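There are structures below to look over.
Shared between the two complexes below is subunit A, which has subunit B as its partner in the first and subunit C in the second.
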Partner chain A sequence: MASTSISKAERSYIQAGILANPPSRADGRSLYDFRNIALETGVAPLANGSARLSIGRNPHDGSGGTEVLAAAKLEVENIGDGGEGVEGGRISCTVSCSPAAYPHLSSNALDDLQYDMTTILNETLTHRVLHPPNLGILRGKKAWVLHLDAVVLYDEGNVYDAVFMAARAALWDTKVPRTRSVEYQAKRKGGATKGNAEKEGGSGDMDVDEEVVSGFDTRQIQTATDFELPDYWDEGEPLGGRENWPVCVTLNIVQPSHFLDATQTEEAATPLRVLLMLAFDTPYPTSVLGMRTLGNGELTAAQIAELLKAGEKYAREIWTSLNAKLKEETMNRLKERSKF
Partner chain B sequence: MISFTSFPSRFAESSYDSTRHHPNVKDDLMDLDEYEDFAAQGSLNKLTCPGESLTSSQAYMRGHGTYVDNEEVIASVAGTIERVNKLVSVRAIRSRYNPEVGDLVVGRITEVQPRRWKVDANSRQDAVLMLSSVNLPGGVQRRKLESDELQMRGFFEEGDLLVAEVQAFFSDGAMSLHTRSLKYGKLRNGQLVTVPPILVRRLKSHFLTLPCGVDLILGLNGYIWVSKHVKTNEQEGEEGFDAEAVYSNVNDDIDDSTRNAISRVTHIIRVLTSHFVPLTDVLLLEAYEWTVEHESTAKDLLQQEFGDALVASIAPSQ
Partner chain C sequence: MASRVEILNEGGYRSDGRRQFELRTIDIDLSQQGHADGAAVITHGLAHVMVSVFGPREAKMRSQTIHDRANINVEVAVAAFSTGDRRKRSRGDKRILEFAATIKSTFEPVIQTSLYPRSQIDIFVQVIQQDGGLLQACINGTTLALMNAGIPMLDFVCAVNGGVHSTSPLLDLTLLEENDVPNLTIAVMPKTRKVSLVTMETRLHVDRFEEIFRLATEAGLAIHGEMKGAILGRSKSLMGSIELGSQQRSGNTAADAMDDDD
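So, the complex of A and B:
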């Protein structure tokens, strides 16, 4: 988003710096350096998984930087009977931008921007290949819907990378409550038995209620199924396939060079940006889950191939260090819990 | 290169260690009489909290940044207390720029309107730059013509940065700027840094030249322009007025060392700002020398420890 307007002289100063040899940027980073990234998971107590991420936060006074909050919330949906649910559950992603992040944008322009970001995040994360296996509750009856909401609190550039990293962290943090399906079955005599039809996680015990048989039972429906939440000390099991969520790397292109993690002024000086959504070491060593160009520059097919190759390298770095950070966060939270 | 850190722990801040009380709680901590006589005490240097009671409204008058409730003058912003005779006001730490006539500001054009430009100068309202208060081509003193009105974007267009002086105020409080001096005009060959306006002090001159070949323009509105040094005899418009050069959008050639120096100065300003050190010419010079002495690259300044060391050595009082 070339949101801030900058003068022609500033633009050419930034571009000349990137193309210079050795290249120089306003803050002394090299072309492929990221700003410092701060990450925290489990920030929203009422969500099933959440993360807060900030790129380029000033460590001294905590000001500045791109800040994104992402949270995943699970809801139960009916399948069929007017319910929106789908077999096996579904995911819906929304990105909203705080007006404080874009004070110069009108509310219409802000809506457009949110819509663009929502589309990119939603199309990438709701793809079939990424679908987590454990979002189903009752076959043909009920399923979880996972709402992933990301809020851009402040934009100092490189917001797409931030949104995807925050989304990955929030989904990594997501716990799906354990459910146990139960079936009520009308006995041929008229009584009802409650038993475990199938077990989904947790070791359910058979509890059979012998009810008083009523001779006046005229119910037509022979069986009823529902689910219950067994009490467990933890919030549930992690969302399946959580290693697969992609990371995004934005290549800012100033022909013939490119650079990463642009600040807002650098973005304004960049005619073309390429977003690559990649995941690694899921069955395949590298999988490209999405690709976008933003801006009005143009690229040849050969350049795209080159950029993909370069992007893969950067994305793998992001992937590795993000994974390490997420594991560390998990460890820290386990440690905190063991204090009690 | 990418690195992840954690957010600081929410309760780690030392200032919250001590028990804090609501001002209404008459406890040993809160002594309302403390402010009764401002002059006698050093409490003028203390920062206020919004909602903090300052003094009795019967003895003092409320000024900016305060309000009266229950016969007490209460601060409405975080800032320092100022007192003139019986008038008590609080000057906010973080606020928009309050313009005064004669101030030097750096601004950015936001809109081109008939016979005027709207300029963002970090103030509450956009400033106005009239076509009649800029230098027109073909002579410093001449009346504006219709042809000038038609080519206003040839002088300044949206996004352009300029340095100007506050000339006057309109009735609604918006400031009117002028660039009728050869020192003022469009900016190029450098980059902009934004700092809280309160950190830019009024100096003898706001045009600084550091010995590393970097020019600085400290706008009182908190916009600072860091650019390549232009020798005074090469400044545009010295003999005659060359509109082409003054309103040019093209940068000169900037060599690597100058670029590095610009980036380094930018960083020093950012570090000092994040430690809330007011910027002066002397301080910036000292800081630059310190970084050169420690043979740091501009990148080192990104490190927090390095920034802390810099501030500790050049501004020990902070």
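So, the complex of A and C:
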């Protein structure tokens, strides 16, 4: 990504620093060190789940660093007759970049960049192995659509890792409202008067003495036509399978070495980057959910295997610390709520 | 009919517990953000806006340069999750372009553009959360970001919105009130008491206009106090670190001198 242009001399200086023994980087980190990461969930009160993540923000005056805001919002969609809905719900992800993050890009270039990031996030997160089980509402009629919007507010390098971490945190934070299906029945005995009966969880509550139902009929005919929210003030239940959302680790490659968490100038000096999207312990010890190379360098198959092995180690560290932080955030919010 | 939210109840309180002329809390953060030359994050109650200023710098497109003054370029981006119902607005959206044009015309007479011929000042506004008073938050944020970037201006621009509920004027409306009540936004320059913007998209009785206009001007002055405080605080902290730095340097040179003596 040529978002910053640097001179040949600067490029070779940065590359030489990375290949030197011991390696040296402008901010004194070692090759595999990350900058500080700060994460906060529940930042957008109008969304069903949200997170703000920054990498490399100065802790004293809150300045600088990559900053990403992600929020998940749920909407109801009709399935069939003109609705876009899909059985069991669907997810759509969008990444938008503030022009302030890339001040030297023209608006067309910014659109292209947004599109690239959207494709990577969307393709990884909407894969059906990750699909949450509780996005359906009424079989064949209504389902939730989850819109995940990530906004890159500022980019100081390593934006993909930040976007994926923010996405995972926002989805972790997402609560799906509980719904109850409602069905309307015509009263047969009372003649023309119409009443409505409520059905809890789709199980029958009908007057059985009117119609003889065969005991062999085991079909479940869904007659519910609409749904309601049993409790408006309840936030709902967490999105199913929230442990599965992957994290991304970007390996910046300066042959034969590689390093993590590049700043923007370091990114400009790196000919090739490999993105690895990985998830752990769900249900396999390690699953690779995506892999991308960015830039115009080349890699041999043996190198890829090596990078994958190294990437797995780094990603697991990110995974563990992100999970710890998310659990802590959940605990804090529970504590806040139990105050009242 | 279910109970409806009262805009102003009999006790004189509004739906969020404020009095008629009470403003929402203003929170200003002027710390450095990304590569921006000046940035400001401002919240009016729940409305949350982030403004970054770049420039004066060379224009990205040569055709945009003006030979005797700087060109002001305003771009507004609204986060899809900033409103109650999700709506994705692209940059080319007419409503957003008009909004950006309003901000631009508000600041054109205030920024001393003639000092920077053939250059461009970029103002990027990112709306993170909306709860009424969007234009006011954007204008106040832009003023602060421009000052933070050190761009010479004639005065502050302080914006505030107001509306009239039946006969009683209200200041600093939330989204709920904005939807229900005829409202206007004005931007005041406190030193000269000039007004650089008045907009109204609803209808308001002529007799009521003067009163709300006067009140909003006064509220603009109150907001000016807050903004000035924030700018002074930021400048002081910057000056403090400059002094600290120069002290350290002189301390170091003194130490060096001692070393030389030894």
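One rule holds in what follows: the second predicted complex is superposed on the first by the 299 of 340 C-alpha atoms of A that agree within 3 Å, B and C clash if a C-alpha of one lies under 4 Å from a C-alpha of the other, contacts with A are read in each partner's own complex, and residues count from 1 in each chain.
Keep in mind that, in the parts below, contacts are C-beta pairs under 8 Å (C-beta built on N, C-alpha and C of every residue); 3 or more make two chains touch, one makes a residue touch a chain.
Here the structure is a predicted model, which means the values were calculated and not measured.
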| item | value |
| --- | --- |
| Clash or fit, subunit B versus subunit C on superposed subunit A | clash |
| First (subunit B), second (subunit C), both or neither touched by A:Lys8 | first |
| Which partner, subunit B or subunit C, touches more subunit A residues | B |
| Subunit B versus subunit C as contact partner of A:Ala100, first or second or both or neither | second |
| Partner chain in contact with A:Ser50 - subunit B first, subunit C second, else both or neither | second |
| Which superposed partner A:Ala71 touches (first subunit B, second subunit C, both, neither) | second |
| First (subunit B), second (subunit C), both or neither touched by A:Val151 | second |
| Contacts of A:Ser63 with subunit B and subunit C, given as first, second, both or neither | both |
| First (subunit B), second (subunit C), both or neither touched by A:Asn252 | neither |
| Common interface positions of subunit A, toward subunit B and toward subunit C | 61-63 |
| Subunit B partner contacts - residues on subunit A that touch it in the complex | 5-10, 12-14, 16-17, 20, 22, 24-30, 32-34, 36-40, 52, 54, 58-63, 265, 317-318, 321-322, 324-325, 329 |
| Residues on subunit B engaged by subunit A in the complex (per definition of touch) | 1-8, 108, 110, 158-161, 186-192, 249-251, 254, 256, 259-260, 263-264, 266-267, 270-271, 274-276, 297-299, 301-302, 304, 307-308 |
| Touching residues (chain side subunit A, partner subunit C) in the complex | 44-47, 50, 61-65, 67, 69, 71, 73, 75, 94, 96, 98-101, 103-104, 106-107, 111, 147, 149, 151, 153-156 |
| Interface residues, subunit C side, partner subunit A - complex | 29, 31-36, 39, 46, 50, 52, 54, 60-61, 75, 77, 79-86, 88, 91, 122, 124, 126, 128-129 |
